[in-house]
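One structure follows; several queries about it will come next.
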Amino acid sequence: MANETGRIRVSVVGAKGRMGANVVKAVTDAADTELALTLDAGNDLTEISPDNTDVVVEFTVPSVSLSNVLTLISQGVDVVVGTTGWTDDKLDQVRAALANAPRADQAVFIAPNFAISAVLADYFAGLAAKYFESAEVVELHHPNKVDAPSGTAIHTAHTIADARRAAGLGPVPDATETDGGSRGQVVDGIHVHAVRLRGLNAHEEVLLGNPGEQLSIRSDCFDRGSFMPGVLLAVRKVSGHAGLTIGLDTFLDL
Amino acid sequence: MANETGRIRVSVVGAKGRMGANVVKAVTDAADTELALTLDAGNDLTEISPDNTDVVVEFTVPSVSLSNVLTLISQGVDVVVGTTGWTDDKLDQVRAALANAPRADQAVFIAPNFAISAVLADYFAGLAAKYFESAEVVELHHPNKVDAPSGTAIHTAHTIADARRAAGLGPVPDATETDGGSRGQVVDGIHVHAVRLRGLNAHEEVLLGNPGEQLSIRSDCFDRGSFMPGVLLAVRKVSGHAGLTIGLDTFLDL
Amino acid sequence: MANETGRIRVSVVGAKGRMGANVVKAVTDAADTELALTLDAGNDLTEISPDNTDVVVEFTVPSVSLSNVLTLISQGVDVVVGTTGWTDDKLDQVRAALANAPRADQAVFIAPNFAISAVLADYFAGLAAKYFESAEVVELHHPNKVDAPSGTAIHTAHTIADARRAAGLGPVPDATETDGGSRGQVVDGIHVHAVRLRGLNAHEEVLLGNPGEQLSIRSDCFDRGSFMPGVLLAVRKVSGHAGLTIGLDTFLDL
Amino acid sequence: MANETGRIRVSVVGAKGRMGANVVKAVTDAADTELALTLDAGNDLTEISPDNTDVVVEFTVPSVSLSNVLTLISQGVDVVVGTTGWTDDKLDQVRAALANAPRADQAVFIAPNFAISAVLADYFAGLAAKYFESAEVVELHHPNKVDAPSGTAIHTAHTIADARRAAGLGPVPDATETDGGSRGQVVDGIHVHAVRLRGLNAHEEVLLGNPGEQLSIRSDCFDRGSFMPGVLLAVRKVSGHAGLTIGLDTFLDL
């Protein structure tokens, strides 16, 4: 899965976007990858083929991402997808396309979050949750974000709730009788709080409590650069994982 | 306002309660105070007089505190009140009693929070608020607390809102369009979040944000002992402040 | 390993000490354990036997702990040890005694730290370390602590260093040219900082950094009660683990 | 001190440097300032005069900053200086030049740190220090920084030490007997710790402790943009303050 120089040839779709531009730079800078083609809206994706590309990184918008991925599968290349907005139906279409792909071992990888710190925070929350009576999630983002809470925080709440159920833990203790909304949104039994503050980017804190002790796990993503180690990890790992893989934790050797 | 030994004679009403017992110990341990009488439900408050007491510390329950304070005023002693639940009407009754007190310079001091860290966090939030675009309050308590958010957090939200208004700042920036409650309770325009976690006691964090920077001010009260430096400060200061004084910040030399 | 009521019979050695008294209460309160004998300096440890005890919890002082454990092994009971100060030589003596113990499956468990949050923080630091360029440890304790840094922080530094070596990471980046000691103590290549602050108990924070992101893992042990869930976990698990086991992470199902 | 549009005319010296470029953008974006001249090494500073400029912002390097400032004073304009490296001797030369300046009310402002959060953290540390037994400073920066601890942390340590002395507080409590350097650098009696972590920019935390409570004040400067509100504040205030002024706290209405 690499050219004669031993480097992985990476094409970038959405190369002029903010994330795509960062990917172009990361792929160019890394010692074991090299930049192949860079494409954007208006370019022809069928220029990409195994002749010039080992792995494509796709960072566009939800409205075109599925179409892009299906085309890239038919071109016979492996794909790392950073675009969000994937529904179960869309994922099924990707799986179907992979079943009929040119190469038997062809691979697509989709991740909702490429920041290693965020992925690890979610994973550690799941490991730790069964040992603690209480658990809450606080996410903090810049004030231009339109949705609350973040998709990552919702995911973490489910991760914690699943771990508590598996361990037979009941509901978190909470004697609150009088509240006008300060206790946040309850996601799968877990209270989730969303802070919006100028100057912040994307941050999440998981708080776990027992009598006399607290465990706090916090991920701070200060800028888009925080996604690049995760994107490069996916680029290096995707070609060994045939079919559709979801979530960066799959590629972390935990 | 001290006996011949130069120490302030302090009687404690509610001496067997959890806070009262801590006050008895603090007053006994401090070099410049000495324990006079200790009283509880069933004891006669008129045993307290200027003959044996300079300052009374009253830590009981809201249902009897007003009655206790009025009796203590009529006994001619200064009072430090730690009981909560004071309404404007109750405060007016205290003021009226002080206007007819035996001594012209008689003093009553009431504080909603005796933890110096909490009082300073609130005060600093007020000083800093006008310099920041964004401000939110997160309070964290043990899960047995029945009200949310805490009275201290509500007070801090008003402190911040007042400072923003005085500086001509508009609403905090917030593009949230989709939320199921995670953005917390809006108190006077300021988002307030309440976390409940086993192992915690009483904590508050004020977050202030500008482009590229954040200021965080956090008070952690790990146990009841955190109130004692504030109670002793009030005991030392109350007798110089005739009339009704509310809030420990008055006695901090800021 | 339980009596006819299905509860584990637990004897406590060092029952009047501060930790021991907490253990007595925890064992009495838990639904699946019951208090058997309580012993202290001056008591005869040979009163403890399989007739009255399934598991002994030993919380004394380093100077007598080895002798106590050897006696308890010869009495045929399993032992959970919370006393610190174990050297390789002492551990070898325990192993030798276990090899000649009355029961073939006899078990001794020794843990340097019973706080689940602290054990998990150390474990997660080890899992995460290979994914980050930078790693430092900050521990914070009450100012009466005589050693710095804490044994737990030293252990965490080694855990991180081991993970970095295994992953082929080089030294942490650090361009510091001018320093009068602020960069802390370098333990196995990892900078460790020790804060001493009135009001704190035992806290540790692991900071891991990549371009654009940070992962923070923090354990707060506010009081001795934080050890009890870990002690009870060890009491429940020890009898299934013949021989000498060291470290609570062994009993956490991670 | 403004042109007919009511806006302050600002020239930037060092306009192509990283800080200078940010200043050019901030001055252009703000409603009450307008960009006049932009100069760099090789440009003639005498092009700047009251005919085209109200305030100059100077962000260059220590080796040329004094010379630049003296020239700008002789040109009759007010100056805001962000360059570091000012010694007492250099400051005296600025004062002497101001005494002979073309305008009687001419003003120079020099600040070691323009981040409002950092300036407030330092100021609040000074206000709070006398109320706490313990105080320590932790600063955290990117690993390319060559000096440790930061100048700001050293300044904060002195601020705290001054406040403790003025209040008659003795040394901070510290029973440490065994340490290999983890307790950090002692600056004026205050322990200062420096963390270096990839992904961070410039951060400082002041920790203050009493029995049962902690007050934490933290400044996070995520990027150079954090300096711009402080630079603009200085631009707006400098012309009212004849002579040499040092430190942004002077211009904060605290």
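Letters A, B, C and D name the chains as they come in the text, with residue numbers starting at 1 for each one.
We take it that a residue touches a chain if its C-beta (ideal position, glycine included) is under 8 Å from a C-beta of that chain, and two chains touch if they have at least 3 such contacts.
In UniProt terms the chains read A, B, C, D = 4-hydroxy-tetrahydrodipicolinate reductase.
Fair warning: this is a prediction, and the values are worked out from it, not measured in the lab.
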Partner chains shared by chain A and chain D (touch criterion as defined above): B, C
Remotest chain, chain D as reference, centres from CA atoms: C
Interface with more contacting C-beta pairs, comparing C-D to B-C: C-D
Length of the line joining the C-alpha centres of chain B and chain D, rounded to whole Å: 35
Centre-of-Cα separation between chain D and chain C, whole angstrom: 46
Interchain centroid distance [CA atoms averaged], chain B/chain C, Å: 39
Residue numbers of chain D (touch at least two other chains): 132, 199, 208, 210-214, 220, 222, 226
Residues of chain C that touch chain B when the two form their complex: 199, 201, 220, 222, 226
Residue numbers on chain D that touch chain C, as the complex places them: 132-134, 136, 138-140, 143-149, 153, 172-186, 191-200, 207-214
Chain A residues within the chain C interface of the complex: 115-118, 120-121, 124, 127-128, 131-132, 208, 210-229, 252, 254
